[in-house]
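Take a look at the structures listed below.
Both complexes below contain chain A, partnered by chain B and then by chain C.
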Partner chain A sequence: MNLLKIILKNMRQRALATTLTTISVALAVALTVAILHIKHGMENRFEQSAIGYEMVVGAKGSPLQLVLNTVFNLDISPGNIPWSLVEKLREDRRVKAAVPFSVGDNYHGFRIIGTTDQFGEAFGYKLAEGRWFNFSEAALRDAFIEANEHAHERIAEERGETPPKPAEHHHEASEAVIGATVAEQTGLRVGQTFIAAHGLEPSPNAEQHTDNPWTIVGILAPTHTAVDRGLYINLDSFYHIEGHEVRDKSKAEAKKEEPKDNDPDPGQVSSVAVKLRSPILALTLYREINDSDNAMAAFPAVEIRKLFSIVGNIDHILLAQAILIGIVAGVAIAVSIYNSMSERRREIAILRALGARRGTIFAVVVLEAVSICAIGAVAGVIGGHIIVFLANAALQRVSGFTVSAFEFQTVELIVVAGCIILGALAGLGPAARAYRTEVAKNLAPTS
Partner chain B sequence: MKDVLSLNNVSKSYRDADGSPLDVIHISRLSLATGEQVALVGQSGSGKSTLLNLIAGILLPDSGEILVNSTNITKLAEAARDRFRAANIGYVFQSFNLLQGFTALENVLLGQMFAGGTNGGDRAVKLLEIVGLGKRLHHKPRAMSVGEQQRVAIARALVNAPPLVLADEPTGSLDAKNSEAVLELLQQICADNKHTLLLVTHDAAVMKRFDKVIQLEELR
Partner chain C sequence: MKIVKRVLIVIALLGVAVAAGSLGDWAMGRKPPPPRAIPAGAALVEGTDSSLGKIKTLDLSFDLLKKWTYIEGKSQIPPFIRAFDGQNVQMAGYMMPLQDVKSIKSFVLVPSLFGCCYGQPPAVNHVILVKMGEGKTAKYFGDTILVRGRFHSGEEKDDGYVVSLYRIDAEEIVAQ
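Showing the complex of A and B:
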């Protein structure tokens, strides 16, 4: 016989109240843990994804949209920037690497991103198997020319003229390196091919580019970032797809501009990720680009911080709600035990007559409240992780990221400790009442 | 023979509804020797139960001294008095006062727990076997007859082998047959173990079982 057994007996005697109050605590803790876990996990994933992307350059518009599109494979591209800007950035002494991206297609909802062979090296992405795709500047130039010829052909057709016969072009192989999540979820392996669907989101009516399949030559090692959810193709192959404009279609139409041969600015890309030789050079380059007419620069880290400062307020509201539920649960525990004190006066008097000290009785009541909170807290932590596990599908749909449901954070220990303190506080009132129980009066026969 | 219990000029009063003191107890002298069995009788409301609560250290007298096993319990701090009570005084109540959520064995072990008992459950089991409940160790009070419940209470009172056993009308809730059996058991175990027994009763049949009967009024 020991105090723990007495506490458990007391809890069992009030099984309904104990169960309900434990569930209240568990619910509050589960919500708190899930919110904190998802918040922390998402921040981590976003921050991890932003590592290495010191600056991104794209069409003028929303910097957050540019960052989400380039770094996180989310949202739509704000527009295109001329290839000449990519070359200008590459030649800039302050720039260590300028990696272009072109987007517009997907495979089962995973984005297909046209880029160069600098992509892996510049950002330190490793291959789990296979090799990187082949890329050559000459092939890219040729792809731009070919795309321009196709544009000539289309414009001539629109005018009812006989289109000029396009020249024969040699295509480099259409190759792809796919992210770890893509490989895992689609089952695509090295050596297999895939066909792109037009658009950034999957749609049953989307045009399938059946004439241009890509062969998978490599699979990236998991990075736990948005990169895992992308299919990376050699940029030149991106322009082999019919309908992929090398220049801004709307502007060309507005100016009735015809593509020119030997155009000094033959193509366009969605954005460029820039790595700088020194962070202190970032601000001057940022200003220069933003002062220009045709492009905008954004710092992913800054934009993500801004995003989380907005989302953080929602987190705080949810967290406040969860804490409020916890406090209500604490009050419910206090009321439930306090009310039971009337029924338990005789039991307390018996224990005192048997030699239990007032302090022991006080401790039994406080520990009973603490036990309810501790059991609720542990159940809540498990429940919180189950919520995270169940929420992962929705998280992936919304953000492209998942959060590991099996990682435990230090903050969870703090939540459990907080619950134990809450339990102790909830037990103080009833314990004080138990402490003051008159022994002789309550030992007397009741009838 | 050594006195196990000694009361000298013990008085206890309560305040009544209008705040004036109401004398409940005044004992000039009472002493019980080791192994002695005494029935204490008195009119209803004469303070018999209050006297037992004073001896048990549950209540404190307004004045006087109460020595149990040579220890003046009125001088002990409350926590020390609680510890002393657990180890030295067994208490049997009229309404058994068993904890309903606990089994017979657990109720007996509770008595041992607060005395810091170290002999495990052996003595508790043995005592329950002695009182005829060897096969009902794990039954809860509500599954037992009133006679059985009082036998559990006796085992609980004796589990720490206390030198002094107090019984407050222990047969008050029992029928004649159960009363006889319970008293027989209580007196026999106390006699066998040389426990001093002070039993409060107003039942003439119970009084007859005791060689020494004290009228509370005589102690004033």
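Showing the complex of A and C:
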């Protein structure tokens, strides 16, 4: 009988203890692998190296919220900023490009973002197929005016007055360009149409804006950033959506007279992404915007670094927990083999009598613990990937990112190696006892 | 033998408790691993382990840069700064990378960390645009750094607008 056979028979003889200790090792490894994978996925998502712009400008509030909302399509918008600010930024000599965003609706959980056709060109996002929609400032102004009229109408209705008959407006067909992930997961293609649901998260009861379908005219090439998960619509069509009127009632009321074409502040947007001519110029512009009382500027790179300095510690705790579970599993193996030693004393004595050396007996016990750990580790790696696979749906819902469950990392090899070392250590105690077993004393039947 | 077993279990449990305690401390930040993840003098250029000392350099400081007032289109860079042009310089400051979260390809070297909202933000002639060499990237470091590389001065323009006055093509960056 060779060593391996003896080990296998030993393990099979105490199948229950072996299975249970293997499972505990597997659980520890699965947890470690899953944590490492999710952490890796999160870092990739947030540390996307090319954001494309240095600064975002939005309503006063939390800079992190503004960055999450604008750059990563997460959280909610901190509020709106006037359109005049967008124009001011565009005219600023320090600014290379200022692209406005308006958010408030989703399509199957993917955000619908109202923006201009400058978006792709300014930040370097390329189309995989189709073309960009045609944005015109005049159409946007019309959309703002129309939204204002809707606001007047509502106010009149609430007061019980007969609303003034709204002027007929001719809309250009609403067009959209969608991100690569959206196209892949929803199956939308160029030429197809979609309708928006109200809100930023999917909900079965959400109001559907059925009267405003968009036609897809282009699909973006994969960028491996949050851009892949957005549907980009012409900014003016965003204001055609029912309910997207000027929210400031007093303002809508004050403008009861005919809205003028040259009104400096016809509408609002959620935020503006600003690409500067040079990062040096960001310093003064940042201060100027933050000193003003209607807007705030934030640097995505700085906010993400801050976020990670907080979140980074949480996954250390999780990882420490997983390592502890591993150690507990190792102790369980040691205890379980140790407990079986009294039963095995005779067996060991017989093996010794048949010519097995002390070293061989020692090796058999250590190797048994090592094989339990090795089997557990392999099962754990597979289990970890299954956890990641199952967690993806929840991850996507909560944070909008997914982790590839079929991607292996080198760190998993380290986890497996660590497990085997742990097994060897766990086997040392019982093996020492087996080593010391006296042949003559234990050869006789014990009971 | 039973006693041995019990002693072993107790030792094992104690070991686990100690490990858990120290891991907990470490994770809660009570005992941060080393006080600084990056020791002084460590190279911040990714993929290198060389620290300073390879090239002969001149010392350049923000105090010197601040010794004149720049007005776009009117001022000439004074000779005491021109003298550094094309030379290898060494300069201390803080890095402010705005484009990359990690694997930093370029950053602004500023005299102090940028807080909100008192004091004046540094002007174009008070900061340096640091560019990493081809294919090189730097790690982020939140404390003072030392940058070594070739210094260039002059108005760099984009569409007719001045976007930088001083630039360093960084060869070495170390934590200070």
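We take it that the second predicted complex is superposed on the first by the 362 of 447 C-alpha atoms of A that agree within 3 Å, B and C clash if a C-alpha of one lies under 4 Å from a C-alpha of the other, contacts with A are read in each partner's own complex, and residues count from 1 in each chain.
Criterion: a residue touches a chain if its C-beta (ideal position, glycine included) is under 8 Å from a C-beta of that chain, and two chains touch if they have at least 3 such contacts.
Predicted model only: the values in this text are computed from it and were never measured.
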Contacts of A:L127 with chain B and chain C, given as first, second, both or neither: neither
Contacts of A:I350 with chain B and chain C, given as first, second, both or neither: first
Touching partner for A:P279 - first (chain B), second (chain C), both, neither: second
Which superposed partner A:L20 touches (first chain B, second chain C, both, neither): neither
Comparison of chain B and chain C by chain A residues contacted: C
Touched partner set for A:N10, first chain B, second chain C, both or neither: first
Contacts of A:I76 with chain B and chain C, given as first, second, both or neither: neither
Touched partner set for A:A334, first chain B, second chain C, both or neither: second
Which superposed partner A:P445 touches (first chain B, second chain C, both, neither): first
First, second, both or neither for A:E54, with chain B first and chain C second: second
Touching residues on chain C, where the partner in the complex is chain A: 1, 4-5, 8-9, 12-13, 15-16, 19-20, 23-24, 26-29, 96-103, 106-108, 110, 114, 116-117, 121-124, 127, 129, 140, 156, 158-159, 161, 163-164
Partner chain A, residues of chain B touching it in the complex: 49-50, 53, 56, 58-59, 78-79, 82-83, 85-87, 91, 93-95, 97-102, 106, 109-115, 156, 172-173
Residues of chain A defined as touching chain B within the complex: 1-2, 5-6, 9-10, 12-13, 346-347, 349-360, 439-440, 443-446
Contact set on chain A toward chain C in their complex: 46-51, 54-55, 93-94, 96, 277-284, 286-287, 290-291, 299, 301-302, 304-305, 313, 316-317, 320, 323-324, 327-328, 331, 334-335, 338-339, 342, 429, 433
